[in-house]
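Dumping the structure here so I can ask a few things about it.
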Amino acid sequence: MNTRELFFWVMLASAAVIMAFILLPMIQLLTAPSLPMLQKTIRDPDVLRSLWLSIYTSGCAALISFTLGTPLAYLLARTRFRGKGLIESVIDLPIVIPHPVVGIAILSVAGRNHWIGQILSALGIRIMGSVTGIVTVLTFVGLPFYINAAKEGFESVPVRLEKVSRSLGASMLSTFFRITFPLAGRSVLVGAIMCLARAVSEFGAVVIVAYHPMIAPVMIYERFEAFGLKYSQPVAFWLVFLCLVLFFVLRMLTLYRKKGG
Amino acid sequence: MNTRELFFWVMLASAAVIMAFILLPMIQLLTAPSLPMLQKTIRDPDVLRSLWLSIYTSGCAALISFTLGTPLAYLLARTRFRGKGLIESVIDLPIVIPHPVVGIAILSVAGRNHWIGQILSALGIRIMGSVTGIVTVLTFVGLPFYINAAKEGFESVPVRLEKVSRSLGASMLSTFFRITFPLAGRSVLVGAIMCLARAVSEFGAVVIVAYHPMIAPVMIYERFEAFGLKYSQPVAFWLVFLCLVLFFVLRMLTLYRKKGG
Amino acid sequence: MIQLEHLSVDLDEFHLRDVSLSVSENEFFVLMGPTGAGKTVLLEAVAGLVPVQDGRILIGGRDVTHLPPEKRGISIMYQDYALFPHFTVLDNIMYGLHFHRVDKDQRQERKKQLIEQLNLGHLLHRYPATLSGGELQRVALARALIVRPTVLLLDEPLSALDPAFREEIRDALVTLQERSGVTFIMVTHDFSDALSLAQRACVINNGSIEQTGDIADIFQRPTSRFVADFVGMKNCYQVNFRDTKAVIDGIEIETGRTWWRAYGYIAIRPEDVVISKKPLDSSMRNVFEGRIRSVRDKGFFYEAEVLVWNTVFVSLITKSALFDLDIREGVRVWIAFKATSIHLF
Amino acid sequence: MIQLEHLSVDLDEFHLRDVSLSVSENEFFVLMGPTGAGKTVLLEAVAGLVPVQDGRILIGGRDVTHLPPEKRGISIMYQDYALFPHFTVLDNIMYGLHFHRVDKDQRQERKKQLIEQLNLGHLLHRYPATLSGGELQRVALARALIVRPTVLLLDEPLSALDPAFREEIRDALVTLQERSGVTFIMVTHDFSDALSLAQRACVINNGSIEQTGDIADIFQRPTSRFVADFVGMKNCYQVNFRDTKAVIDGIEIETGRTWWRAYGYIAIRPEDVVISKKPLDSSMRNVFEGRIRSVRDKGFFYEAEVLVWNTVFVSLITKSALFDLDIREGVRVWIAFKATSIHLF
C-alpha cells in the first residue's frame, strides 16, 4: 500500500481514533484504583463471594452447554436436512434478545402460571433469586457461542477419518470418542471458553432473575448506585482482570490453532 | 447417518432439549400478554418514547461505527504487518468486557478527573445521563461487530480487481469507492445490522451511564422492578419484536449471500 | 465373493444407476472411469458408507446391504490415506484391533508380519504429519490389512504419489495382494495402473457401467464409444460397413475384414495415424489427403487435427516433426494408417 | 520502450533478483517459466502493483519506478480476467475512460472500434457472470486497450481457455497487437503459445532470467540446463568433449562436430531417441544397448527410462509400441539417435 496516498492516512487516522476510543476507558478503569484499594477490595469477603459466584455459575453454564450442546453441534456439522437453517437460527436467537428480556422470558416460564413452573415447583426447584436461576440464565445466553464453535470444530474433522474408522470395525459412538472428539478438541475448548466469557460478562438478564445472591456484575452495579463511581471501580478492576485472562487464553488457543493447522 | 444408532438418538434428544430450552421462554414471552394489553402498551407515550430512543441511539451507534470503522476494516483486510493481531484483539475487547464495567469505564474517562472529561466539559458535552452518553456506550459495544463483518467483506473482494482498476488509471480512493466498496456492500450492511442489533439489546452498560433518558431495555427493567413480571412483558414483547425483525433481515442477507455467491 | 445386484445410489453430487458386478475371491479388480464418474461412491456403497437406494450387495454370499460398515468385514483406503493425525504410526496400524476379538499372540503376529512386509519398522513412533506420501500409503495399507478384511477397497492409491515411485509401489501392491489373499478392488483413472495391476476391470461412466471384462480386452476391444475414447482411441466414427470397407461421409476406409453388422463404429488411435507432406509409399492401405485444422500442445507431443472432407482425424506428432514438416494450420498434408490398426465395434 | 535495470523485488512468497530486460516498441514479448518462477510478480512490478526493492523501470524512456500504477500508462490483464462483476460488459469496457481526458468523439470512436474488432456487440448489456471464458477474455482485452496503454501486460491469457479455442484466440491476439500498435508483454508456461505468438522471449526461473532472445533460438539452442529441460530436452548430460565425441561415464556419443570447449552439456529430446528390440540397421550414428528401468504413462504416450551403463536415457513410445515390443521393466533393448539431434552447449 502506497504511503503517499491520502486514503492511507485516512485509514491510519480512523485506526488511531478507534484504538483510543477502546483503550483509553479500559486503561483509565484499570489504573484509576490505587494499589492498597485493590488489595483491600480483593480481601473483602462480599467481593470475593460475588467473584466466586460469577465464576461458579458461569462454569456451570459452560459445563451444561458442553454436555447438552456437543451432540447437537455434531449433528449440525455432519448432516444436511431441510430446516437446518431454521434450527441454526433458533440457536443464535439468544444472542439478539435484549438482556433484561432474557430474564423476563425465563421468569415467564418459571412462574406458577406455566406448566414448566408447576413442574419445577413440584420438584422444589426455584429459579427466582437462586443460583439455579442464575445458571439457567447464563446457559441461555452462553449456549449459542459454545454450539457454534463446536460445530465449526466438528466440521473441520475430515469425514473420511470417520469412514475409515467405521470400516475398521468401530461403531459410530467409538468413532466419535476416539477420532472426532479428540481432533475437534481445541475448538470445543474454544467454544467452552467463549461460553464462559459471555456468561461472566452478563448482567441484564441476571439482575432480573436474581439480584441476590449477587454475582460480580450485579455487585459492581450496586456499589455504583449506592456509593458512586470510585467505589465500583476496584470491583470492576478485578472482574475485568478475570475476563482478560479468559480473553488471553482464548486468543492463544485460536492463534495457535491457525499456526498449528 | 444411520438411524439405528443409539448415538443418533442421543443427538436428536439433545437437539430437542435445546430447542425447547430456547423456544419455550420466547414463546411464552410473546404469547403471555393479551392483545388489548399490547395495543395499550404501544400507545403509551412513555413506551413509544423509549422504543424510539432505543432505535435512535442504536442507529447513531451503527452510523458512527460505519463511518469510523470502514477505513480501519479496509486497512485490516488489505495489509499485513507486525502487531496486526494485537490491533484485532483490542477491537474484540469490548465483546468480553462485562456490561456494567463498560459503563463504568466510559464514565471513568468522562469525569472531571480525566483530561478527556475536562475537554468534553469545556465543549459542553455531557456523557452521564445524556443521549450522547448512551450513543457512546452503544458504539463501544457495537463497534467490534461492524468492523469484523466489514473486514471479512473487504477480504472477499479479489485484490486483482483493485489492481486492474489502478492500472486503468483510477486512484486508490476512486478504486475503493467504485470497486471495493460496492462489492463488499452486503457485508458492510450485515455488519451495520449486527452492530445495530447488539446496540438495541444492550442494558448493563447503559443503565450505568444513563438511567434517564430511558431506552427500552431500561424501561423493561424499571417496570419489572416497580410493577412486576406481568407489566414488563408487554414492553418486552415490542422490543423483542423489533429485534426479531432485525434478526430476520440479517438472516435473509447472509442466506442470500451464501446462495448468490 | 462380491456381488452387486442392480445397485442404485442417489447422493446430491453423484449417483449410481443399476450397477451389477461380480468380483471373485482373491482377485485384483479395477474400477476405471473419468473424474466424477461415481467410482468412489461405488466403493463407499460397498463399504456401507453411503446409503443404498436400491439393489443388493453380497460379500461372500452374505447379504450386507443393510449392515453398518463395521460389520461388513471390509477395509477402505482413500487417496489421501486418511491416517488419524493424533495417533502415532503404530497406533494407527493397531487401531482396528480394538474392535475385533483377536488374541494377543495373533495381534503380535499380524503386527510383526505387516511391519516387515511393508517395511515400517523405523516409522512406528512417528506421527502421520511427518511422513512422506509413500510412507503414508504403506501405513494406511497396514492399518487396513491388520483386521484381515475379506475385501480391501482402494481409492486411487497411486495418484497422490510421485510418479517416480509408482512402478515400485505397483509391484508392492501386487505382491501384497498375492500374499495376503485378500480381494482388492481398486479405483483409478490411470490406464497404466490398471494394465500393470489388474486381471479384470470395469469402466464406469456417469454412474453406470460401460464395460466389464479382461483388462487387455477392454483396451483392445472397447464395446462403446465412451470406452474407446477412454482408452485413447480418439478417432472414433459412426460408419456404414460395405464389404471390407467402412464408409464415413464419403470417405471409404479399408478395414481388411467384413463386419457382421451394416453399421457400427470404427476407432483408430491417434498414434497410429501418420502425417506426411507427400502420399507415403508404404504398406498402409488407407491414405487420404487433408488439411491441418489445428495443432495443440500435449506436453511432449503435438496433437494435429486433419480435416479430410468433413471428417476430422487426430494424429500425434513430435515437436521435431512439427518443425521438419512445417505443420501449421491450413497446410495440406497426407494421412495414412494400417487396416490392422482399425478397431471395429 | 520498456527497460528493466537490475530490478529486485522481495515479497513473502516470491522474489526477483537483478532482472534486466529490454523490450522494444510494438513488440510481442513473452515471459516463460515454470509455476512459481516469479513471472506474474515481474508483470506486477512493471505495472507498479508491487513495491520494487532495487533497480529501475523505464517506460518510453521515462523513469516510472516510483510512480503509482495509474500514472504509468500500462494496462494489465489477468489469467482470470478480473472483470468487475457489478458492471455490465459495456461499463467494464468504458471504466478506464473515467480517469483519462478523452473527448466524447474519441470515446465513441475507440469504443466502436474495439467492440467491432473483438466482436462484442451482442454482449454489451450482459454481466460478466453470464459470459464464457472466451467472451470474458475479449471483454478484458477491450477494457485494457480502450485507455490506449503504451504497454499491455498479459498474465497467462490463454491458460484458462478451452484448448479447442486457443488456436483461434492466438490469432486474434496477434492481429490485435499488430493493429493496435501496443507493446504486448505476455506471461505463459506453455511453449506452444510462445512459439506461435512472440518474436522474442525470455525464460525466467526462481526469480532470475535464465535466457533472453529469439524464440526459435531458445527452443533450439538453450544455454543452460534449466532451459534445456524447460523446452523439453529431457536427456541432458554433463560431458567431456573429445574430437567429435561427447563422453559421459564411459559412453562415447558421436556428435558429428567438434566443440570449442573441453567440457559442457549435451541434450537430446526424448522423441528423438528410438527404442528397438534389436540394434537398428539405420543411419543413426549412436546405438547403445540398455535395460528398461521404468515405464510411465504420459497421457497418450509412455515415457521409458533406459539404463545404459549408469546413464539414463528417456525415450517416448506409443501405447501400441508398448504392446508390440513388449516393453516392461527389466527388458533388454537398444536405443538409437542421430548425431544431428544432439544439442551442445
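Going in written order, the chains are labelled A, B, C and D, and every chain counts its residues from 1.
Here is the rule we go by: a contact is a pair of C-beta atoms (placed from the backbone, for glycine too) under 8 Å apart; a residue touches a chain by one contact, two chains touch by 3 or more.
All figures in this text were calculated on a predicted structure; none of them were measured in a lab.
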Worksheet item: Can you tell me the least number of steps between chain A and chain B, where a step is a move to a chain it touches?
Response: 1
Worksheet entry | Interface with the most contact pairs, given as the two chains involved | A-B
Worksheet item: Based on CA centres, what chain would you say lies at the far end from chain D?
Response: A
Worksheet, complete the sentence: Cα centre of chain C to Cα centre of chain D, whole Å, reads 32
Response to the item:
dist(centroid_CA(chain B), centroid_CA(chain D)) in Å evaluates to 53
Worksheet item: Distance from the CA centroid of chain B to that of chain C, rounded to the nearest Å?
Response: 56
Fill in: Residues of chain A touching at least two other chains
2, 5, 171-172
Worksheet item: Using the touch rule from the top of the page, what residues of chain D touch 2 or more other chains?
Response: 68
Worksheet item: In the complex of these two chains, what residues of chain A are touching chain B?
Response: 1-2, 5-8, 10-15, 17-19, 21-26, 28-29, 32, 68-72, 74-75, 78-79, 85, 87, 89-94, 96-109, 111, 114, 116, 139-140, 143, 147, 171-173, 176, 197, 200-204, 207-208, 216-217, 220-221, 224, 229, 232-233, 236, 239-240, 243-244, 246-247, 251, 255
Response to the item:
Residue positions on chain A within touch of chain C in the complex are 80, 158, 160-161, 163-172, 174, 178-179, 182-183
Discussion item. Please output the residues of chain C touching chain A within their complex, sorted ascending.
Written reply: 12, 44, 47-49, 68-70, 72, 74-78, 80, 82, 84-86, 95-96, 98-100, 143-144, 147, 153
Worksheet item: For chain D, which residues are in contact with chain C within the complex?
Response: 163-164, 166-167, 190-193, 232, 269-272, 294-303, 316, 318-320, 329, 341
